[in-house]
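Each of the next two complexes has chain A plus one more chain, namely chain B in the first and chain C in the second.
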Partner chain A sequence: MLVETIFAGLFLASIYALAAFGLAIVYGVLHVLNFAHGALLTLSAYLVFQLVTSGWPFWGAIIAVTVVAAGIGVLLELFLFRRVIDRPLSGLIISIGLIGIIDSLVAVGWGPDPRALPRMVDGSMTVFGGIIAKDRVLVVVIAIVGLGLAQLAITRAPWGKLLRATAEDREAAAMQGIPVLRVRTAAFVVGAGLAAVAGGIIGTTLPVEPGLGDNLILKAFIVIIVGGVGSTGGTLLGAAVVGLAEALSISYMPTSTAQLVPLAVLIVILLTRPQGIAGTLTERV
Partner chain B sequence: MTASGRLRGRLQVEIFWPLLLAVPVVASGTLQHYQWAVNGVIWGLWALSLNIVWGYAGQLSVAQLALGGVAGYTTTLLISLHDVNLVLAVLAGVGTAVLCSLLLGLASLRLHGFYFTILSVSFAAVFVTLVTNSDTAGRTAGLLVDRGRLPVVDIGGLRWDLDSGSGGFFALALVVFMAMHALAVLLRECPAGRAMFAVRDDEALASSLGIRGATIKILSFALSAVVASVAGILQIYSFRLIVPEFFSFHEALLSLLLLVVAGLGYTYAPAIGAVVYVVLYQAAPVEGEWRVGLLGVFVILIVLFFPDGIAGGIRLLARRASSLVGRAARWSGRSTARSDYAE
Partner chain C sequence: MRRNKDREVSWRAPRKRMRMWTVLLAVVAVLAAACGDDGGEANEPSSAIVLGATFPLTGPAATLGREWDRGIELALDVVNADGGVMIDGVYHPMEVNVIDDETTAAGAQRGVQQHLDDGRTFYLGPVSSSSFDTAYGVLRDRDDRIVITPATAAEKYIGTPEGHMLFRTQSSSAGEDGGYAQFARAVVAEYAPTRVAMLVPQDPTGDTQVPIWTQGFEDAGVEIVYSERFAPDTRDFAPYISAMRGTNPDFVVGPYLDSMMGPFLSQAAQLDFTEAAFGSAGVSAASLAETDGAITDFTWMIITRAVDNPDDRALAAYREAYFAKYGEDPPSIGYFALSFYDPIIMLAEAIETVGAVDDLEAIATELTRIDTWPSQAMDIEFDEDGMAHYTYQQAFYKDGEIVFREFTRN
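After this line comes the complex of A and B, so read on.
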């Protein structure tokens, strides 16, 4: 029972981390609360579903949709978000407007009924006496390896340093000769691409339905704050904390109380340590 | 005219102009148009509540609808479980919402900007989760609201049936809106309201002028909670139903969009927001699924081209027009001067 619970926690953590990672990069660099990240994730899940049902291989569909989403990301950044570069509030409003547009597209294209992507692998396996589904194990592995590599790139690779420098102080970065506008666009593209990958992978284990991204975006914000805003490593840590807390509470509490646990974690963190578990205080909170 | 007389005249215009918007509704008088207008008024009130706490005092709270929900559920449950008198139940509902808003206000003293907004999101989420999982509150199916309890008022022989779908309920909604709108306009003119703007623009500077930021913020939350309660109670009486969905995150985002499109911080904004809602959400000849997308496109265009929303845009255009008129007047004045000279 405990093994299954802990694995369920890891699984939730992986899903939240997948949903939150791109969001954390975009908030870090653009300082835009991109509420549309969840909508983009939903749209991507539907697009992957569409391609897979018309005969594409799963990974081919993921790659194609990621490229499309990254393209959409470029357009959004160049034509919308860049125009309000000094008005983060307008950026927020634009992202909420985008939710409306994407919601409409999804509603018109696929209707309200949930769809399902085929599982990546079938069957289950036994670990320490607990029975867990193989496809969920694969999701956890993909999240750990994929996001681990992404985190490594952000902290070690040269372009990761550009990203972090721009996130920390745009003007200082520009004075050092960093092309901050291009870094912004890159961050948005990476964010949109990650939303697409997350949508495709999450869609294999959760039902693809219009509310998919909405539910995840709230959890993603919780994860980002719990971990610490401005640190992608913190986001991964936050996902682990929230996912495990949620899985444990679902196992040992009535569902109605368990649903409140992630929110309770968030409120406690906000009121006692607003910079998050791993965060350092770089801005006034 | 004296300066204070001019100010009074300007305030009267500012307070009473939304009544003009009611004229076409009453002139048409169809049940559908009354229903549209009632919905518009309700969304105008949500925007008004948000305008006080966000537009005036600078605290972006996504929990306003949840506060309205607190008032709505309290009122409904007091009436259905304890058979409390309607007026008392409404007062208790408003009171409970104000108490909850004080919690939010206290949190806003510790957290700023993005962090406070996310806290307000989680406050709303806690509320929606609680009522969705409560058998007393009817879970997702919600509770029925008995509109038959609305009385028939007799004003000097004029029978005003508050429950009536053909104007009576709309009149009630309109009276409530006008009262809240007048409150908001007057608030802006009084010291407390000015202090809110000062705290919004620069809290440190405001406190150096002796303004107590904490008190002012909490006051803005309490006042906005009163408006939100009224909106929530009107909404449930309009639909004769209370469900958690009314107060969800999505709906809260809609109220936020309406306010920003109309013009954050302007007293004109809530009434304009009501019109935007009716036009885009009720009257627009598009399929239901496209409505939210249409609003999205509209919002993005407004934000890109009129950062201060419709109210700000109108002001800008009015200023340009008046400067054009002024230039034209100067130009024609110059030409007459020249002709004088020629003579």
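After this line comes the complex of A and C, so read on.
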């Protein structure tokens, strides 16, 4: 059972990391808590479902929806968030308003019934005596490889350095000739694209339903704070901590207590290390 | 000078705007008065009788909400077929104003309060046990309303002063001979389990179910080997399935909504946890959709009657009306629609018999006397306390076949 529990924790960590990574990038660069990230994740999952049921191959649908979501990200940044560039609170309120709009679109488009994307692979496997679903193994592998590469790009690639520089200090970055506004837009494009990928992949293991992203986004915020606000590397670490803590507590504690464990982890981190596990007080992205 | 000029302009313009707004507001008020409903009063010729409904159209229980909505629409089609409810020789169309409670207690409370502010006297819902107590608090101490609800949580008010003119449209769930206890007995009779696991949501409905099921199984000598609750927004059940598998149950009582039971069964199938039989109340065959046939034994308590059973001639007309209106057969979960379908037609009949919409005591009394009505689907009767009694069913799925068994009235 321990093996199954640890794997369940890794799976939870993977979906939390998938949901949180794009959110962390947007916050790091724009300093906007984009609550609409979850709604965009939900919308993307439905769009992938729509394409797949129309005969598209799964990965083709993921790529197409990622492009669409990135386009939505550009529009949102240019026409909404850029207009409140110096008013983070206004950005926050806009993002909350977007949740209502996107959720309504989903409700009108697909109704209340949960939908299911086909599993990427069927069946289970036995690992050290524990029975583990193969599709979940694949989700964990995709999350580790995909987000690992994304993290590598952010730390090593030239555009990643621009993101980090802008996140660190926007005015200083502008003085160095970095096109800050374009970097903001790029951050939103990457964030929205990652929401789309997350929605499509999570939808293969959990039901695609109206509240999918909204439920995940709360955990994503916990993950970001635990890992270190604005640090994508910390987000991955935070996801691992929260996911494993949640799975272990569900398996070995009364559920009523287990539900409080992620929040307890959050409180302990805030009290003992307010910058998060991996963050410094100044680090961004 | 310039400042004075600005001030002069700034004084005059608002006054002009104020006059414009005053005129506009007056026009809007007149139009609203001309077009608006009358909040349930039917004293004027042909005025509509408006019922205030509060149930989920969004959130985890939205699928049930769609069926409640359809049950209401089909009932209104029956009531309004000849023009509505006849009072003093004039037909009054019956209408329902629906407010989405978003499957939350706060939403249900807001909805009920809105209906109250709009002057409604007839209420459909709140519907969920998870929101009923909160929302019913708005109406509990009032005598100027009739409340019709399927909520299990309403049961504790029935027969008390706080439940005056409160009608529960589902037969008793919570009593010793209620639906949940009967479900446990039916499971014992069908599957003869020795080790039962239970996994239900941590909410008021779960609070009601767990002790009744525990008692029911233990009275039959069945050991409860696993009993856990989960947060209602949980959709990843793998950790629970892993823990449950370790207790080796032969019957598993799962969550009470398809939106929870579906992923639970799908993940159980994916993890090869399929040897036990599964079941619950309030779910449907839709929960099996993603199990690829791996779950072979599944049972669910149908809180009314199966509307998707073509062999049930009593519901043939209902099924035809459903298909004619929505272009599809009623789904397995469509049995929820009957929670409102018959009671609305009964209410229309009661109002017509009393001959007034404002004599609520007489209407409530009449509701307990009605035994036939147009397009009747169920053999429902309200006792003098407002509790419904009827023959309801339990479905047993085995290897692709579904058998429906009837329970006598309680």
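Note that in this section the second predicted complex is superposed on the first by the 282 of 285 C-alpha atoms of A that agree within 3 Å, B and C clash if a C-alpha of one lies under 4 Å from a C-alpha of the other, contacts with A are read in each partner's own complex, and residues count from 1 in each chain.
Simple rule for what comes next: a contact is a pair of C-beta atoms (placed from the backbone, for glycine too) under 8 Å apart; a residue touches a chain by one contact, two chains touch by 3 or more.
These figures come from a predicted structure and were not determined experimentally.
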Chain A as common anchor, with chain B and chain C clashing or fitting: clash
Chain B versus chain C as contact partner of A:Met1, first or second or both or neither: second
First (chain B), second (chain C), both or neither touched by A:Gln176: neither
Chain B versus chain C as contact partner of A:Glu209, first or second or both or neither: second
Partner chain in contact with A:Ile96 - chain B first, chain C second, else both or neither: first
First, second, both or neither for A:Ser256, with chain B first and chain C second: both
Which superposed partner A:Val108 touches (first chain B, second chain C, both, neither): first
Which superposed partner A:Arg119 touches (first chain B, second chain C, both, neither): second
First (chain B), second (chain C), both or neither touched by A:Leu271: first
First (chain B), second (chain C), both or neither touched by A:Ile131: second
Doubly contacted residues of chain A, that is, touched by chain B and again by chain C: 103, 107, 255-256, 259
Residue numbers on chain B that touch chain A, as the complex places them: 107, 110-115, 117-119, 121-122, 125-126, 129-130, 133-134, 249-250, 253, 256-257, 260, 287, 289-300, 303-304, 307
Residues of chain C defined as touching chain A within the complex: 57-60, 62-63, 65-66, 202, 228-231, 233, 235-236, 238-240, 242-243, 245-246, 258-259, 262-263, 266-267, 270-273, 289-290, 292
Complex contacts: residues of chain A adjacent to chain C: 1, 4-5, 8, 11-12, 15, 103, 107, 111-114, 116, 119, 122-124, 130-133, 135-136, 205-207, 209-212, 215, 246-247, 250-251, 254-256, 259
For the chain A and chain B complex, residues of the former touching the latter: 33, 35, 80, 83-84, 87, 90, 93-94, 96-101, 103-105, 107-108, 214, 218, 221-222, 225, 229, 255-256, 259-260, 263, 266-267, 270-271, 274, 284-285
